[in-house]
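Both complexes shown next keep subunit A, but they swap its partner, so subunit B is in the first and subunit C is in the second.
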Partner chain A sequence: MIHDAQMDYYGTRLATCSSDRSVKIFDVRNGGQILIADLRGHEGPVWQVAWAHPMYGNILASCSYDRKVIVWKEENGTWEKTYEYTGHDSSVNSVCWAPHDYGLILACGSSDGAISLLSYTGDGQWEVKKISNAHTIGCNAVSWAPAVVPGSLIEQPSGQKPNYIKRFASGGCDNLVKIWKEEDGQWKEEQKLEAHSDWVRDVAWAPSIGLPTSTIASCSQDGRVFIWTCDDASGNSWSPKLLHKFNDVVWHVSWSITANILAVSGGDNKVTATSDHYTRFAMFLEPDEN
Partner chain B sequence: MEELDAEPPLMVVPGADPVARQLCFAWGPAEVLVCETLFGRRGTGEGGPSASRVFVVRKDQDIYIQTLRKLFNESHGIFIGLQRSEEELVGKSRKAQLVQVSKNYRSVIRACMEDMHQAACKFVSILSAMELIWNLCEILFVEAAAAGPLLLRLLDWVRLHVCDVDNMVREVLSSENPSKHKLFWNLGNTQTLTEMELKWQHWHEECQRYLQDGTFASNSHMESICKILLGDEDAILEKKELMTTWYHFLVTRLLYSHPTVKPMELRFYAQSSMDLFLGGESSPEPLDTILMAAFEFEMHQVIKECSIALSNWWFVAHLTDLLDHCKLLQSHNLYFGSNMREFLLLEYASGLFSHHSLWQLGVDYFDHCPEYGRVYLELHIERIPLNTEQKALKVLRICEQRQMHEQVRSICKIMAMKALRNNRLGSALSWSIRAKDAAFATLISDRFLKDYCERGCFSDLDLIDNLGPSMLLSDRLTFLGKYREFHRLYGEKRFSEAAKLLLMLMTAHIAPCSFWMTLLTDALPLLEQKEVVFSAEQTYELMRCLEDLTAGKSDKQKFQVDDVETMKVEMLRLALARNLARVIVKEGTLEGS
Partner chain C sequence: MKLKEIDRTAMQAWSPAQQHPIYLATGTSAQQLDATFSTSASLEIFELDLSDPSLDMKSCATFSSSHRYHKLIWGPHSMNSGERVSGVLIAGGENGNVILYDPAKVIAGDAEVVIAQKDKHTGPVRALDVNMFQTNLVASGANESEIYIWDLNNFATPMTPGVKTQPLEDISCIAWNRQVQHILASASPSGRTTVWDLRKNEPIIKVSDHNNRMHCSGLAWHPDVATQMVLASEDDRLPVIQMWDLRFASSPLRVLENHTRGILAIAWSMADSELLLSCGKDAKILCSNPNTGEVLYELPTNTQWCFDIQWCPRNPAVLSAASFDGRISIYSIMGGSTDGLRQKQVDQLSSSFGNLDPFGTGQSLPPLQLPQQTAPQSIVLPLKKPPKWIRRPVGASFSFGGKLVTFENAKSQQQPGIEQQQQQRHHVYVSQVVTEEEFLARSNQLQEAVQSEGFVSYCQRKIDMAQADFEKNVWAFLKVNFEEDSRVKYLELLGYRKDDVRKKVNMPGSCACVKCFTDGYVDGLITQTLLTGNFESAVDLCLHDNRMADAIILAIAGGQELLSRTQEKYFAKMQSKITRLITAVVTKNWKEIVQSCDLQNWREALAAVLTYARPDEFAALCDLLGNRLESEGDSLLQTQACLCYICAGNVEKLVACWTKARDGNSPFHRSCWLS
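Now for the complex of A and B:
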């Protein structure tokens, strides 16, 4: 049973993870599906995979019921485990790489209620920061905000890192969507978004198209999908808009790369793609009935 | 969120397992991955069938049809020409220019139809419909034909698209009064509308008289022709099988009853023609709805219906752009305030990016979208697979031309990483210099130095010799450059310069400590030259460096006495002492002379 499938940055490779504890990588160029690697290392079903930005090489993260997060890397044509994090007390449900501008940073959400942030510091070393009790009962999803440099956008002199304000969103079993912000090297809860009446299953922060608004999509056990928007000028007020109420649990939401289409999948056997712009454009996919 | 006004099309994933499966998905850059799964993570997640499959769903399959590529390529040229065309032209000359552009688009469509016809491709009928719609839009909107010429244009339009349209016309011409008909056909050039109307009225009345007088009573065939000429709807409808479509019927009707029809009157005739022709037997098809919207001059409706009916954005994007240039479109506010023209162009161009070479066309389209073109380009261009160096350079050039610095840096970093993974150090270094990535440059310089220590020579000398100011990107890189310079000076037998440089590398702390032993070892041949190279002061400096090095080592590596290392140190001490002796003598002797 495949739990997650993700294309890499260019759509040339596919990573899948499964309840058989494996993570598989396929070459999918020209419509083919050639197995490149079968990665073993987890001791339980693997819930999610995430590709890092190609500037760091071919790197894949996976998280599993076995409480582990594994980072895999391709070296000299072979895939190997490059880092393993075992600091969670319970199933790790979600992994998400930060925007490449911040470096190589991975956020992980776990059923133990904590969110861990793993940062690569060089020479095979990783630094860990943990947000304990991020969500009571458990955290189900994490999603990073796009990188936006505050103030001017003049090219920075080489070697100097611009002052990014790092943020990400998380969804949990406390029915909440939370926004976290890094301040002086510490992660703080910046916002609490309440609208769902049951566990939040997935959150997705929309890519930026240069507008002065931020957008987050969230979906829940309660069948609802909300779109949260914040006018950056005013700072911190997020307002939800109900996109739709489905008849069953909604498990997954995801934005296309230019954020013009939001795809939603749920227990009702459908994947819905909706575009907010010009009416139309919903594409329902349904398994073939016999 | 706007309400959907039509039930969205259901797309069944072929081969997906029925009944027990659910679908999860992920976005690729241009497609959606769908895979069978079962949500609900209880415990170990066991249970259910073990195998599940992944499907790739693509939206813009049209990209991959060979003959359509010609359409995309050629229309791209027309599009760019239009964007850059003379805005200063006004009135008639501007209109003529726009009509020409419209005709050019249509000829591209026809050319593709030709090719497809040869290849017996199913797309022919779609292209034919597209050309039909475009042609009508050209007549009604771009050219905005006035009463009089309007009907002629419509006649041409119908004639062009319907096979056996001329049956009726042939019958007319073979009738009793050809001269009168000739009069009719010659209108437009020399006559004003009123003159033409008068003449037509006169002729119409004459025909009516003939009919009423019973002139044709003996010949029912001629009688029906006369009735048709008089615009008798029933008579025309009797010949329904000769006309393939309601718009053919419409134009025929107009020809015989209202040849001087005004553009704004068309909608009434169009509606009634469609009703009469279809007669409640069949309901309108999408094509009919679109044409009707055009006759009603509802431009937005035409675009909307076309967007729904057609499988790709090509048609609506280009047509809307042209209509926008005709200044016919009111700004139609969408969610993020963009206008319709831009929205459609963005969607079309985004679709092009999923193709390995057509993406280059997409770049130009984004360039002409003032609000979001740039950001869309930034987001899409990063996702182009950089399979070859040439492709990467092409993409880079595009980014550099547009001052997309972030993307340039990102692409260079990706290429540097790729090169490093393939052990092409020179390439990796030049890419990281281009990316201004100091950390990576340091990493690669270390690799170079490591290589040198192991093999005794440098690779990629050309690159290192010509670093120039980019040497300053990172300290390690500077050292690499200068160290290579040292070797060059030595090779050119410029020993005193080489010596000075070597010493400076240590005293100015440009060289990392780990490399000092190597540098001192490099000093040996200089120390043992026939001519004295190092001055007394320089020799003292070298000695100090050596002592610093060994002092540091002895604390940490007491138990790691390396015979070779010890021997080297001894040799150095000896060489330095000898040099010092010689140089003191030399300096003492030459002093004052």
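Now for the complex of A and C:
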């Protein structure tokens, strides 16, 4: 059973992971599909894969039920394991790379309720920071906020390294979506968003298009998809809006690059794409018909 | 991983899946006595609050009842209709009574919480189950093979599923089928299990394992397969879980021998049919897969035997186990660390005993140490295979270029009974997201146009299709860009056509006498002509409108020819005293002046001629003036004619004139002349 499929930054490669414990990488240029690599290393079903920004090279992270997070890197055409993290007590459900401006940082959410942040400090060394008990009986999803300060379309022209406030959102089995902020090197819970009545299965922070609002989409076991918007830059007042209540579990939400379309996948193999956040459904794909 | 703990000796029931937040109801158990030997009974409701990291569960309500219970279940009856917000609690009492409670009222603290009760059974009601499909039906089993089916809407008269089985024996377990709503199974301690069909109102099959004797303590139907069920045996000689398929009912399909001593209770997870919990007298709680027989998980417990175990319907990873040491523990099978919990227990014990020696010897007790031999792992490993509710079957993610990657896992046909060979097709689809078909069509057209360079026709099409005026204009302009003579065409588009304007201008010429044009109109017309570069018309208009200054200035800008014409027209129009002079100066038409000036002003005329006339015409002009003076003027003027002749250099005429003028004194003047 395939659990995740992600395209890299340029859309030339596709990484898939499955319950057969493997991570496969395909070259999908021009509509073809050539298997480039079959990565083995996990001892349980692999739940999610995430591509890092190409400026760091070809790096892929995968997390699995066997409590491990493995970072793979392509060197001279071959893919190899470059780092393995086993600091979690239970299944790691989600991995997400931070925006490249922050460096090479990976957030991992696990069923033991903790979220760990692995930062690459250089020369093959990784530093680990752990947020224990982020979500009481398990964290299901993590998603980073985009690196721009909301409201600025362009980067700081001053040339110096801007002071980014690192933030990410996480969703867990305690029905909450939490927003975490880094302050003085420590991660603190900034906000607790309550609206779901069952496990939050996925959260996705919309990419920034320069508008001063921040938007998060969250989907849950109870079939509801909420869109949370925050209008002020300090990130204090989030207001939810129910996008739709589906009849079945919603597993995954994903934003398009321009943040105007949200793909919602749930229930029994149904994928819905919703545009403009709030109103109508643009398409309702039934993959069986493809 | 242990999540919570309640210190009660009680039967437990989780709130139904629709109920949020999650509650656990506990009713004092009739079978066990706690340390105080108390016989008071109470019904309590606790709330499961997972965001609270402590081990205690919040007690929402307590209701002291007069009965103790053998069995407690929580059904979702009337939850949808809103009548009973939290469903109905059904309790089987020790005196053969079945009592219905309203949990919402219990939580609210009302005094009247009993909905109904009925003392129909003869012995303690040990078995209860709510029908999944028709939630108003509850089955109860007690002594002497009594089984009653109660309708919660009509609680007074229960039905029986058929004739009582002989020999009469206690019913220890009862369960409705999970797939078919009219099938009910009941089991008795002797190991005999009867399956009833309520439509026919009779038993359809009796299952018993004749080879072995088992003391049936648990009965559960397979959540997915209608004909399979498991029976658990409490007998220490045969501590097994038997998996039966009713289509082959003479011997069990599979026997799970994982416990070392008798099994006290089982629970099959509704969320994942591969998880079956069983707790036994060997103090173990095991989670095994009944389809394959392997043990998936052993819950780390160091407590005594558990007599009741339940899955939480709403949160599939949570289960509760009630044990003989007076505690109900809530566990999660997703794994986690038990470090924090152990410490709490140690602390609790330490604080109870304090450090003082209770025997009064004056010596303090050494700090409490954990027994080393049990040393459980601090990390609790989760299930070997992830449970169904964590496996993501479908997903989609966007990628660069509008691509959408979706994946789905096609369901396979399950082969019931035999090992399931799941042939699943795994597909990943890469599709192009087209949100607006129209947009795509338009961009295709544009692509074509660019390639074929058929810009003009493309623009034309766009003009035709455009609905808003603005759009039309935009496209028209773009089109012109590709045509020749673009500037003129732009002008045309703007609404200024040269020919039109000319026509307009000529029109007023024909009816100039009719002063029907307002200033504004003429202004507009002048503007139009100027914008199209038509100076002539502009000048004409100005002249017509008596805007002389404007006309002349425009004429200057319009070129020399235009200027002279304008001058002519101007002069034709204007009539002032010195117009003639001005005209003459400008047009250099001195002849005219000379010919037509008032002879009284002959001096001025002569002066003008002297100033302006060109050398070749000077003489002629003076001559002319002289002639006029002679012929037309009076005698005084005639004499002045001589002066003109002098200027002209015309001697003969001068002589003639002078002679005429000086008739009387002719000899004197003739001599002057001769000299």
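Methods note: the second predicted complex is superposed on the first by the 265 of 290 C-alpha atoms of A that agree within 3 Å, B and C clash if a C-alpha of one lies under 4 Å from a C-alpha of the other, contacts with A are read in each partner's own complex, and residues count from 1 in each chain.
Everything below uses one rule, namely that contacts are C-beta pairs under 8 Å (C-beta built on N, C-alpha and C of every residue); 3 or more make two chains touch, one makes a residue touch a chain.
Fair warning: this is a prediction, and the values are worked out from it, not measured in the lab.
Asks: Consider subunit A as the common anchor and indicate whether subunit B and subunit C clash or fit when overlaid.
Replies: Aligned on subunit A, subunit B and subunit C clash with each other.
Asks: In the superposed arrangement, which partner chain does A:55 touch: subunit B (first), subunit C (second), both, or neither?
Replies: In the superposition, A:55 touches subunit B alone.
Asks: Examine A:265 and indicate which partner it touches, taking first as subunit B and second as subunit C; both and neither are also allowed.
Replies: Touch status of A:265: both partners.
Asks: Looking at A:2, would you say it contacts subunit B, subunit C, both, or neither? Reply first, second, both or neither.
Replies: both
Asks: Between subunit B and subunit C, which makes contact with more of the residues in subunit A?
Replies: B
Asks: Does subunit B (first) or subunit C (second) touch A:136, or do both, or does neither?
Replies: second
Asks: Once chain A of both complexes is superposed, is A:257 in touch with subunit B (first), subunit C (second), both, or neither?
Replies: The answer is both, since A:257 touches subunit B and subunit C.
Asks: Touching A:197, do we find subunit B (first), subunit C (second), both, or neither?
Replies: Only subunit C is touched by A:197; subunit B is not.
Asks: Check the residue A:28 against both partner chains and state whether it touches subunit B (first), subunit C (second), both, or neither.
Replies: So A:28 meets both subunit B and subunit C here.
Asks: Between subunit B (first) and subunit C (second), which, if any, makes contact with A:174: first, second, both or neither?
Replies: After superposing on A, A:174 lies in contact with subunit C but is clear of subunit B.
Asks: One more residue to check, A:165. First (subunit B), second (subunit C), both or neither?
Replies: neither
Asks: State which residues of subunit A lie in both footprints, the one left by subunit B and the one left by subunit C.
Replies: In subunit A, residues 1-7, 9-11, 14, 16, 18-19, 28, 31, 44-45, 47, 65, 91, 93, 251-252, 254-257, 263, 265-267, 269-271, 273, 282-283, 285, 287-288, 290 are touched by subunit B and also by subunit C.
Asks: For subunit B, which residues count as touching subunit A in their complex?
Replies: 1-6, 8-19, 21-39, 41, 44-46, 48-50, 52, 54, 56-57, 59, 304, 307-308, 334-336, 338, 340, 343, 346-347, 350, 372, 374-376, 379-380, 382-386, 405-406, 410, 413-414, 416-417, 421, 436-439, 473-474
Asks: Within the complex, which stretch of subunit A touches subunit B?
Replies: 1-7, 9-12, 14, 16, 18-20, 28, 31, 33, 44-45, 47, 53-58, 65, 74-76, 91, 93, 100-101, 122, 155, 158-159, 207-211, 227, 241, 243, 249, 251-252, 254-258, 260, 263, 265-267, 269-271, 273-274, 276-290
Asks: So in the complex, the part of subunit C that touches subunit A is made up of which residues?
Replies: 1, 3, 20, 50-53, 314-315, 317-318, 332, 334-337, 379-380, 382, 385-386, 390-411, 424, 426-431, 433, 435
Asks: Would you pull the subunit A residues touching subunit C in the complex into a rising list?
Replies: The touching residues are 1-11, 14, 16, 18-19, 28, 31, 44-45, 47, 65, 89-91, 93, 111-113, 133, 136-138, 173-174, 176, 197-199, 201, 251-252, 254-257, 261, 263-271, 273, 275, 282-283, 285, 287-288, 290.
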